[in-house]
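Single-structure report; data block below.
Letters A, B, C and D mark the chains as written, and numbering starts fresh at 1 in each.
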Amino acid sequence: MLLFAILAIPLAAGAMSFAARNRRVMEAINLAGFTALFLLAAALAAQVLRAGSVSMWNGFLAADSLSALVVLLTAFVALACSVYAVGYFREDERNHVFEANVRGAAAISSLRKYYSLTPLFVFAMLLVALANNLGVMWVAIEATTLASVFLISFYGRATSIEAAWKYAMIGGVGLSMALFGTILTYYSAHHVLETETLAGLNWSVLVLNAAQFDKTTMKLAFILILLGYGTKAGIAPMHTWKPDAYSEAPVPVAAMLAAAVLNCALYGLIRFYVLTTRCLGPQFASQLLIIFGLLSVGVAVPFVLVQKSFRRLLAYSSIDHGGIMILALAFGGALGALGMLLHLTFHSITKPLLFFCAGNVEQHLKTDLFRRAKGGLIHSMPVSAPIFLMATLAVTGIPPFSLFQSEFTILRAGFGGTLLWPPILLIILLVVIFIGFLVHIAKLVLGADPGLPPADSCPWKKYSLIGLASVVVILGFWLPGPLFELIRNAAQVVGGER
Amino acid sequence: MNVILPALAQLSLFLIISPLVTGVIRTMKARFQTRRGPSIWQPYLDLHKLLRKGMIIPDTASWLFSATPYVVFLTAAMVSLMIPMVATDAPLSLFGGVLAVVYLLALGRFFLALAGLDTGTSFGGLGSSREMTISAIAEPAMMVAIFTVAIAANSTNLSEVAKSAVGQSWRFLAPSQMLAFGALFIVLIAETGRIPVDNPATHLELTMIHEAMILEYSGPYLALIEWGASLKQLVLMTLLVNTFVPFGLSPGWNVSGIATGLGFYLLKLLIICCLIVLVETTNAKMRLFRVPELLAVAFILGALALISTFLF
Amino acid sequence: MNALAGYFFFGGLLSYAMGAIASLITGRSGRLARVLGCGFALAGALLETVSSWVALFAASDAHWEIPAGVPFLIYSFRLDALSAYFNLILSLLAVAISIYSFGYLRPLDEKRTVGVLGFFYNLSLLSLTAVFTASNAFFFLIAWEVMALAAYCLITFEHRQETTRQAGVLFFVMSHAGTGCLLIGFLLLNSLSGSLDFSSFAATSSKLTGAWQAAVFLLFLAGFGVKAGVIPLHIWLPEAHPAAPSNISALMSGIVIKTGIYGLARVLFEFLGVPPLWAGTIVLAVGVVSALLGVLYALMEHDLKRLLAYHSIENIGIILIGFGASLMFITLGHPRLAAIALIAGLFHTLNHAVFKCLLFLGAGSVLHGTHTRNMEKLGGLIRRMPQTAFFFLVGAIAISGLPPLNGFVSEWLTYQALLAGFGTTEKLTRVLFPVAGSLLALTAALAATCFVKAFGITFLALPRSKEADDAQECGFSMLTGMGLLAAVCVALGLGATSFLPVFDGITEHLMGVRMSGELVAAGGWVLTSGSARGGTVSTAGIAAMFVILSALPALLWLLWGRKGHRHIEPTWDCGLPGLTAENEYTAFAFSKPLRMIFAALYQPRREIQAEYEVSPYYPTAIRFDSEIESPFEERLYGPLQKKILAIATRMRGIQAGSIHAYLAYIFVTLIVLLLFGVRP
Amino acid sequence: MITLMAAFVLVLQIAMVGQRWLVTNIRVFAAQSFLLAGIANTIAYFNHAPHLYIAAFLTFALKAVVLPIVLERLVKRVDIGQEIAPIVNVPLSLLISGGLTTVGYIVAASFHHPEESASPASLGRNTLAVAVSLFLIGFFMMISRRKAIMQVLALLSLENGLFLAAISLTYGMPLIVELGIFFDLLVAVMVLGILVYRIQETFDSMDVTKLSRLRG
């Protein structure tokens, strides 16, 4: 029932705001919907902590602690974004952005597009986490792409259409690879299960007999899945759509792409990873993952060092974090899995903050290019600018912020393994990435007063920022016990112990 | 009690002999240059005259200007109690060995240089700049030489050094000792501001070093500084003679020992003076920027001395 | 005993924390924020002083473990002798700086930023304490980075100047690179010992051998070396320390760079097992090079604070000479000598902390009074700011290693250790010790030269600018802060012998010997080099002799000087009337001889432009400027940075905007992996 | 017979690579989809897999009828029947698709099983090879063609490959999944269609190589 409610709420919210006629109503609907959703997600997490796992419709929907975690994070991000979005789009409307771009279109229609598509988008993501059936999960992930294409082309600029096209095309190809992988998995299970019913693709069923699956097929399947869901997660070299999409989409959407969709894609990957390790042992998967992980972190480096737009900078940061999580998966072991999920959690809480700051700055400067900005934002933006710097440090893994803890855990797992060079290389790359970020953002935030008019007036934008920032700071010193419990259980799922 | 008497004795000896040495050197130099030159007692007369006169304090100077003469004089006097002169055990050897000697002299120099700057005249600045530079360059050479000695005696305590030297009188013929002696002699020349490094007799601005710093001094202050300078010179010479050729150092403070010790001591001083005069008269003053080369030579000698202790 | 130390320790931490929060909250009213920030810091510092003093002489280590609300993190503090010693240094300085800051920050009252400053000041004190007392690698790293973060924010406090921002970024970048090394090092140790606890590292140190030992040694040397500012990892230091507000510069130069020294002491002597001989040699060499180059570059500076910053590099070098010698002695099996060398290094750490802090505070007062750091614009301050001048002079004498102040004592111990080192081996390596000693002597002499310049040009003679002319003596609290440190300089100098027992705990823990008994002779009057025969010195005695001997000039007065009286007259200056500031020797001129002597190092470039109407011999205006090369920036880091950026720019071609290319990447990857997947 | 039809499908795919007329390409695609539906039917008939009939019908309805019509109307709408110059010229692309086919066979060759004789694998092996080649060639077409709409078409033919793989290996996926996939496909085509239209009206061209403003 809970599961159903979780899925139903966003759908309803979407439909309602599609029907709604004025902005305030839509805002209200979204806020209410996502607040309710977050509460339900928390309830689900609690229930999963108690009962171990929840399922309905004889296992069509099922939530173990891993899915519960992903649902919780998705709901959290969605909530944060919906709060921020209110202020963000009002600002846009004040600047007459919509009229400028979409010819003849009124602001309200653009807003309706956002407020009705976002819930669908969220719905799809939740379905990813809750679908027990790998096929359905694929369908859901494909749905996230479809729901978000128009959110990316939201502003209707030439560039945003370009971004949307690349997103759709690359995403489409990637997902068809994922589908191929799914088919092969089904096939390799087929001989074992001898069933043609839905259960043949139910993860909970598959994971039990993964050991007898056909090895070669499973190899191919995992390769295809890795490439497929890797594309969705933006793992190099399938990452190319990310900077474009992130820099063109409206900030709340970009934040959701970076913080929530990434989780869903990795979630899909994890499910198959577990099957693969059960079938082939950890060796095969981890050698692939190490390559792709290091590649992703490495590919981010030059673009972080030499970058002209801070929106794109953020995109590369999330490519780099995707890589880190992939590496964590590769390092394996209980510690690696735990590190990965900690990183997943902390990342999807910290990243939106960074995006919101970037959004405020962009709306303030009317550009996202470094060379157009004169620096010294701290004078005109006494709230956003310092938090921007703080979020940058947080996201580059500087203590006391929480991402350092997860990265440290991951590195410990890495040094626990047989190969020492990947973690060492990872450390070096991370240092360089930090340098790039610090140089760019410090130049933006600090400096003499360029004499811009004061910003940071809009309470929605301001307080969503402050609230999220305080969450980030608190996480650095205190991770709530139940949440850690949930993460630990989820890590056992990843580690294949549950 | 057994410290105070020797201390007084040695201090007074130093105070009395030091101007004499200056006088002797001047006179000898004159003779070498076939001039008659002043009498060897001239320095005493100078001091007497200066002490009697009143003095003029530049209005640009601060209290440092007045403090410096005391510091210079006192450091020199104190150092003179730390090195064996006529007897192997110096009265205050416990208060500081050769390192203390070097650093106390450095303290005096530090204040002198400050005083040079204090008056605000360009000569003062010029003098202190050059003085500090040259002494800085001289430092490593001096240290290497001293280390050679200290290592041979494995102690930095000068009395110990002297004792061990007395123990084996002919050690100064060892190559390491010879080299070290050479190094220290060059340093002595540089530190006491003698030709070819500096010319104590000149007030020709371009070549002045030590004199330039004290241009503004007059009367008793000047006397203190001059006396301090000659004390320092004597101290360094004593260091040289007593650590390398410790002949006649009396083992303890008894009258007979002191007498013979003093005799030997004066003899050795005379020889050193001759050496210095020889150098001064046979060389011309160097350009300032040639001096480092000379001191580099000294450093090399010292380093060789070290390595030779390793070889032989 | 430990409980007592604990109360004071956590009381101090709490006070720091409250100071941070309080000054952040009350940021709106500058005055309140300033008073609260400095007040809490002062209180905390006092508490910490007591606790570390108690812990220094405690029978057993005080050890507390507080579970943190974060996975794998335990706030585990261990107040063993070494930690307590460094914490003592920290809190000592913190007391002085906090008092000083009351007055120094007053001009900021109108601005709201003072609250931010107070926050980060207290935060850095907090993190520094944590760094010195953490006994768990994870916690240590967090404290380490928080400290760097706070330091960054403090350095960039006056971020309106471009140079300040760059300095801050440079600092943070270098520091983070260093942290990377530490991270690798600690994780290597962790994978060897299976735990992140320091005690387990120490326990398994014997297992650390061969390549691993070498790797760990080099990683930590680099990682901590960056923070300590050893050459060639020093480039951030002369930029960052002057950029910060002066009280912060004092903190940075006084104690923040000492965290590197602490780390080295911890790792080299506790976790590294028996180091190879080359390790000690490297440390010794690094020390000598840092000391010499540090002072040589200091000599060329005319910016008072930059000059002081370079001297920090020099003194770190002197400290490392002691450490290096100590390491070599351990390898050669002479624990007593090792202990002496270590004591020399640690004692110099304290001494440098004190007098460098004093000097920076003095520079701060000068800046406060004249609003310039350029020595060429200063002068004559000894009349306008007499107390400041006196305190600065004390600091200058101390840092020049002149008796009877504290700098002399630690340098003397270093010499003794080096001399004794000659006897420890028959190999040619033994020549290293005296050579190092002589270079140390050169360093010390050059340092004296440099401070003759620094003090003489800044404080003596005539003011060279209007700012200097109408300078004002600074307020009571600032003078108190400086006076306190000056007093400590004197006390540590004269009372060195009675301070030595402090090191017993440390040397016993690291080398298993207690040295204070052997280092002190003649009823506590005399400091020896381990044996009374080896060499002795008595700063107290020297001071006493000064007093006694001053009877001598008095005597002369009685004999001669009564008739003579003193007149104050215009300066004679070889008869040239009307001495003006233009006649004065400048800082630039003062260092000219050395610039020419070491031209090979400095590569001085000069250009002279003379404008004249009649003939070149009657110029109407002359423009002269000269600069020296900074080799590490120009030869090493600059090209490196250019190279990296060039490569990065070239690699950006990956993302050229063509969707076909993007699809092709995926396609190729797919084919390759498929073939890789089906290979038999 | 299935193998034969599969071979035809492959031939059609390669024909698509060779074909440069947009409208013809769409028709070829329709024919290909029609054949696929046929294959699905036969498999359903021989192996008594009733749910495959539905899949077959959907394929026919969607891919062979609806989508071609939609696409053709789109083409009419933005009237670009004219030549499209591929990035890789035709002979070379044919060569490459030949190579890709061999890759397909190599991949399929790895699917050995003890129950070699059993029907699914035996028809699996060959058709799987075709499926993989379809997939790869479709992918390659996306890379080699300039026109947005051709990329869409390529994507669809690539999906065809997947469908073939699914039915030949496992008699298709479970029904719900199958339905979901088709639904997604439909939506995808709609979305892409709209995007193509937007591209056309924003850039006054279908040439996606013009879409290269976002760099770095």
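By definition in this document, a contact is a pair of C-beta atoms (placed from the backbone, for glycine too) under 8 Å apart; a residue touches a chain by one contact, two chains touch by 3 or more.
In this text the structure is predicted, and so the values were computed from the model without any measurement.
Student: To reach chain D from chain B by way of touching chains, what is the minimum number of steps?
Tutor: Contact-graph shortest path, chain B to chain D, evaluates to 2.
Student: Which other chains touch chain A while also touching chain C?
Tutor: D
Student: For which chain is the distance between its Cα centroid and the global protein Cα centroid smallest?
Tutor: C
Student: Out of every possible chain pairing, name the one holding the most C-beta contact pairs.
Tutor: B-C
Student: With chain centres taken as the means of their Cα atoms, state the distance from chain A to chain B in Å.
Tutor: 79
Student: Where the CA atoms of chain C average out and where those of chain D average out, how many Å apart are those spots?
Tutor: 70
Student: List the centre-to-centre spacing of chain A and chain D in whole Å, with centres computed as mean CA coordinates.
Tutor: Taking the mean C-alpha position of each chain, the two centres sit 31 Å apart.
Student: Report, in whole Å, the distance between the mean C-alpha point of chain B and the mean C-alpha point of chain C.
Tutor: Going by mean C-alpha positions, chain B sits 35 Å from chain C.
Student: Can you list every residue of chain A that touches 2 or more other chains, as numbers and ranges?
Tutor: Only 165-166, 169, 173, 216, 220, 243, 303, 306 qualify.
Student: Residues of chain B that contact two or more other chains, please.
Tutor: none
Student: Considering chain D alone, which of its residues make contact with at least two other chains?
Tutor: 107, 110, 139, 142, 208, 211-214, 216
Student: Go through the chains and record each pair that touches.
Tutor: A-C, A-D, B-C, C-D
Student: Applying the document's contact rule, which stretches of chain C touch chain D when the two form their complex?
Tutor: 652, 655-660, 663-664, 667, 670-671, 674-675, 678
Student: Any idea which chain C residues touch chain B in the complex?
Tutor: Chain C reaches chain B through residues 379, 382-383, 397, 400-403, 408, 412, 415-416, 419-420, 422-423, 428, 430-431, 434-435, 437-439, 441-442, 444-446, 448-449, 451-453, 455-457, 460-462, 522, 526, 529, 533-538, 541-542, 545-546, 549-550, 552-553, 556-557, 559-561, 563-574, 579, 581, 583-585, 589-594, 596-597.
Student: So in the complex, which bits of chain A are touching chain C?
Tutor: 165-166, 169-170, 173-174, 177, 216, 219-220, 223-224, 226-227, 231, 237-238, 240-241, 243, 288, 299, 301-303, 305-306, 338, 342, 376, 378, 393, 398-400, 402, 404-405, 408-409, 411-412, 415-416, 423-424, 427-428, 430-431, 434-435, 438-439, 442-443, 446-449, 476-479, 484
Student: Sort out for me which residues of chain D touch chain A in the complex.
Tutor: 49, 51, 107, 110-113, 115, 120, 124, 135, 139, 142, 148, 151, 155, 158-159, 162, 165-166, 169-171, 173-177, 180-181, 183-184, 187-188, 191-192, 194-195, 198-199, 202-203, 208, 211-214, 216
Student: For a test of understanding, state which residues of chain D touch chain C in their complex under the given definition.
Tutor: 87, 103, 106-107, 109-110, 136, 139-140, 142-144, 208-209, 211-216
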